[in-house]
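The next part holds the structures, each set out as structure tokens.
What follows is chain A paired twice: with chain B in the first complex and chain C in the second.
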Partner chain A sequence: MPRFLKEFFTRNGVGIGSLMLGLVLFWTIGLIILPQLSMLDFSFRPNLPPPEVGGPKDVYTLENYKYLIFGPEGGGQAFNAVDLKVFFRTLVAAVCVTVFNLILCYPIAYYLAQSKGNHIRIFALMLIIPYWINEILRAFALRIIFGETGVLNTLLVGSGVFDTPFDFIRNDIALYAGLGYAYILLMIFPIYNVIESLDRNQIEAARDMGASWPMIHRRVVIPYAKPGISSGCTMVFMLSAGALAAPQILGGPSSLWFTQLIYQQFNDNSDWPQGAAYAVVLLVTCILLVLAIMRLFKVNMGDIGK
Partner chain B sequence: MSAGVGVDLENLWIRFGDFVAVRDANVNINGGDFFSFLGPSGCGKTTILRAVSGFLEPSDGRVLIGGNNMKGIGPNKRPTALIFQNLALFPLMKIWENITFSMEIRGASAKERRKRADELLDMIALPGQGDKLPSELSGGQRQRVAIARALCAEPDVLLLDEPLSALDLKLRQHMRTELREIQQRVGITFIYITHDQGEALTMSDNIAVMKAGVIDQIADGKTIYNDPSTAFAASFVGENNVFRGKVKRVMGNEALIETNRSGDLVARISSANQGRMKEGEDAMMFIRPEAFTLAPEGASGDHFVTAKVNHEEFEGNAFNIFMEGEGGKELKVSIPNLGQSFEDHTGQNITLEYETNNAVCVPAGELAAE
Partner chain C sequence: MKNFSFMRLSLWFYLAIFFAYLLGPLVIMSVTAFNSPGFPRMTPWECLTFEWFGALFSDERILNGIWNSILVGFGTVILSVSMGLAGALMLTQIWPKLRATYYTVIIAPILIPGVVLGISTLVFWDRINRMLGLGADSFLSNGLFLTIIGQSTFIASYCMLVLVARLQRYDIALTEAALDLGATHAQAFRKVLLPFMKPAIASAAVLAFLASFENYNTTTFTFGEYPTLTIELAQKVRYGITPAISALAFIIVVLTVFAALANEANLRRKELVAKARKEATVEELSSGRIRMPGFLSSNWAAVALVVVACATVVVVGTATVYSPQQCIADVQEQKRLETEERINELRRQRDLRRQQQQEAEQGNAAEPNQSQPTGNNSGFGNVFAPSALSGEEEEASEAEEAPSGNNSGFGNVFDPGSLNSGQDN
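Take a look at the complex of A and B:
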């Protein structure tokens, strides 16, 4: 038995220790790893009617992945331009949402972490309360704000900024706002947590030595906050790339999100293997992208948990 | 040594809401001096330092550095460098980057900075340690890096906020000598904040003793120790025995004090109070533990104190006798150990003698808390 396990059991007793270990293993293996493996398995199989499952036609194939890249066989196109475009647009949009969120949330997190007093608690509460309302309602609330006859358009047209209502939904502004808003807390809190532990004297020391505010942030605060920034970005990126409700409700008619394609494959086309392949591609690409960016910014996996 | 840049505080007041942190401070610090603000925690000494460094604007009065009014000039524009109590080294920067951070701000090249860092590392006796991180150094080494980092900015005035308080006793004493040496070598003005009278006395050219936002006395260490101007200064700096009473008679620079417990005793009036102590006024008289000698039995007069011995202890370099004193406070006497035989007096009455010059009296005032 490895030492950490032995210590774990001596600290918690064999009974409670096994229970805790069992639950954690059930959670990671039973609820995450096994279903994902089964999805992976699905993605390599043809879509067969139930009687033929396990039959001679049920062999491993790359068909579903080929479909994403090249489209239906004999479809007349060199590539599956529609789906690929949606795929890349989703990734780019998720990156944009993440960057936008970071720019918006870093100052807020810095302010919250560096000020003292009761008003900070009220600020934090005001950030949290909207999350008591469920995601779908929040998305519809944004629709009310951004809709053609919505609050924003009434204000803008009424005050004469625009002559005709601006279509925030068709231009995807509502979608980006919705996605950004949905994950604000996931960006603020990891950054806040890290900056809160930053010794104020370090900021003053840098200032005393003549550093300007941008310099202080570049050389002192941001390097220190890097673990928080990367966990915030990772979460926001992963969740917005995998979001379904916000694109469904706030997306314009032309703006399909890749998750919507996956949803269609599973639900409308009943093509689980195809859906699984799409989901696997999205998952793997997102993970690789996150790892690449972590490598680029020299963040270790261990830092993210901080 | 260059004359250095002086710092003047003129009628300086600092208030936080209703709370007065610094009350009408007037201090002239000569260029090139090692100047200490000494006082218990909460007396406003760090507030003064923050006003000099520019993190705090005075509510009233002026801070002058080299004769220039610093009003409205931010901490990043003042010719001061501050060493923080917890040093505030940047944990993610290597030692050489830490030291030359002020040069990085000014846009110096990495090569220049590296060269300067190596010079400073030699000066603080840490050659070749530039590529380490602060966490890889010991407390004393980090201390020296903080000094090098502050000196690298080539400040006219170095401000130190109790930088030794986190070190253990041995290292602290060693760093005192080292700080003093560095100050004399670079020749700039050092302003040092401390609650440790030993640090203030050993390092400083001049000391300001502070109590509750007020500066009680400004003088060199010897004067503060031997000739305190207030009861607070007398009781805060070094160990002291207090005798409360009234002035019975003033005889030139000496006064006869009618003490509450020990009869009439004679004392020297401290310089700042000469001509200002009136007969019949409340007074306090201070005699240091080491200023007493054992008197022959039965001796009496205006420079003899008799009291019962509560207990005694042997401290190595001295025998300490604790006697019944005033207001529940014990009277402490230290007899240097010169190899003489020493009998136990516990429970007996003994008589002590002192020289008038070693007893100093001041108007009654607030004493330093234990």
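Take a look at the complex of A and C:
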């Protein structure tokens, strides 16, 4: 038995120690690492009926990835324009949602973190309550509001801004509002946590030196809050790029989200390897994008999740 | 100074918009649960009804979904809290060299999209199932096991974060003291560490249950024969929405508000009690006659809790004596009256116009104005359009005949009094 294992068992006792070790190994290897590797492996295989799995036809192939870029063979098109367009639209829209959330939440987080009093607790409660409501129900609530005969259209037509009801769903406004709505809390809390630990004296000092409010934020608060901001942005970006419920409920009939393509491959086409390949592409692209942006803003991976 | 107050004002304005965006949808959704139209809407308000709650509780699929959600939730809580605790303990003991890698691995599931987690779980356990030579209906490929496993993968990370925060304040000397005094490792764990971790374990369990209850992205790939409430809701919302879903949402909102207020009131009370103890004299403390603050005194959360509880009792009480049938009948009656009123109004207008035209014809008999009758003709179309909405065809046709047949009797037909007497029948 290796020395560190022996130390571990003398420290925790054999019973508790092996239980702990077993649970951790099951979680990290059995639930996190192996399934991801299995999905990666699966995405390189052709779609075969169950009896042929493991047979001579079950070889590694790039077919599924080729399909995303070039489309079906002999399809007559140079590229798989439909799927690629959905893919890039999803990424761009997720970035837009993230930026929108950051702009919306930064002032609130700053205000909540820097002021004291009883009303702050009420605000915190009001922030948390919507987050406890089911994701589907939140999307449903927005659908009631943005629908053709919904509250917003009634108001706008009633007040004479529009003559005819505006189709928020077909124009994807409902979708973006829904995605932004769903992840507000994940943006506010990391920023709030960081700014709360900022010494108010630093801001006072900057003011005494004659800095204007935008200057204080640019030079003092934002550099200090960078870990929180990057943590919030990473979470919101990853979750909105991987969102499935909001696009299904609030998305227009003609516009798809990339996760919906994955869902279709699994449930409608029963082409699991193809769906796995798309999932791998989504995961890898998101991770690379997040890492690139973190390098650009010089933030460490260790700051995430704090 | 003026600049300052302007900033305050814009700040409050911003806060108002922000919280309207945050809470407005929930309020509107809750209100639609009490409106009678079959499509959830707030305007036009028709009639207060509780029938959607009845519809909700007689929906087999929703009830089954709630049951499945609770099953999955309990499994997930047990698995993810124990894995999270083990993971957190391991984080404090692991080799410093391995620490960063280990932390990245156990924090990664939070960032991996739920869809990807669901797919990888499905693919991996399907493969294990096949390797073991089990059929398609074994417990490994049955939805319950897969869903619990898939959800626990990332929920355990949340639990780990909550537990690590508490564990950092744990003094390892406590365990060592227990061991020195002759406790076994299991005893030290159960009697020293676990009681210290209890509050964090409780909040991790609540968090895990809530996260499991509302998860959709992972579950949608793994649920199999155990559709949870979220899955059922998604199916319903995607293929046609009814106010019964609003009713469910309203119940969840009320429960959430209740839980949040109860928690806040409890925290606040503890603070107040601690403050009272701190301010009490030694004599008061030793004699045990310390004056504790009342439950409601200077505790806004407790007051709000009581108010919400009273409101709930009133609403439930109203719902039991309130008859939806009567309400629906009233609405239909009201609708009928409204339509008649509208027709009535339009007729009166037409009557007026007709009279004006007659006067004009009489006055300017020498030079007949062609444009006015054509204008009137287009007006006729509008007059008869609303009648198609209701069962007023006979009257409408009667009205149609009247002008062509007899111009002099025209005024009597459209006398509002005659219509009113008709309504009374």
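Here is the rule we use: the second predicted complex is superposed on the first by the 280 of 306 C-alpha atoms of A that agree within 3 Å, B and C clash if a C-alpha of one lies under 4 Å from a C-alpha of the other, contacts with A are read in each partner's own complex, and residues count from 1 in each chain.
Basically, a residue touches a chain if its C-beta (ideal position, glycine included) is under 8 Å from a C-beta of that chain, and two chains touch if they have at least 3 such contacts.
Given the structure is predicted, the values throughout are model-derived calculations rather than measurements.
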Chain B and chain C placed together on chain A: clash or fit? fit
**Item:** Touched partner set for A:Arg207, first chain B, second chain C, both or neither
**Value:** first
>> Between chain B and chain C, whom does A:Cys233 touch in the aligned arrangement: first, second, both, or neither?
In response: neither
Tell me the contact category for A:Leu261 with respect to chain B and chain C: first, second, both or neither. neither
For the superposed three-chain arrangement, angle chain B-chain A-chain C (C-alpha centres, nearest 10 degrees) equals 90
First, second, both or neither for A:Leu23, with chain B first and chain C second: second
Name the contact category of A:Ile195: first (chain B only), second (chain C only), both, or neither.
-> neither
Per residue count on chain A, the busier partner among chain B and chain C is C
Contact-wise, after the overlay, does A:Pro223 reach chain B, chain C, both or neither (first, second, both, neither)?
first
Shortest Cα gap between chain B and chain C in the overlay, whole Å, is 6
Within the complex, chain C is touched by chain A residues 4, 8, 11-17, 19-21, 23-24, 26-28, 31-36, 38-39, 42, 50, 53, 104, 107-108, 111, 118, 121-123, 125-130, 132-145, 147, 149-151, 154, 181, 184, 234-235, 238-239, 241-245, 248-249, 259, 262-263, 266, 272, 275-276, 279, 282-283, 286-287, 290, 301-302, 304-305
In their shared complex, chain B is touched by residues of chain A numbered 199, 201-202, 204-212, 215, 219-220, 223-224
As the complex stands, chain B meets chain A at residues 53-55, 74-77, 80-82, 84-86, 88, 90-93, 101-102, 104-106, 149, 153
Chain C contacts chain A in the complex at 11, 14-15, 18-19, 21-26, 28-29, 32, 39-43, 82-83, 86-87, 89-90, 93, 95, 100, 102-117, 119-121, 123-125, 127, 130, 149, 152-153, 156, 161, 184-186, 188-189, 210, 213-214, 216-217, 220-221, 229-230, 233-234, 237-238, 241, 245-246, 248-249, 252-253, 256-257, 259-261, 264, 300
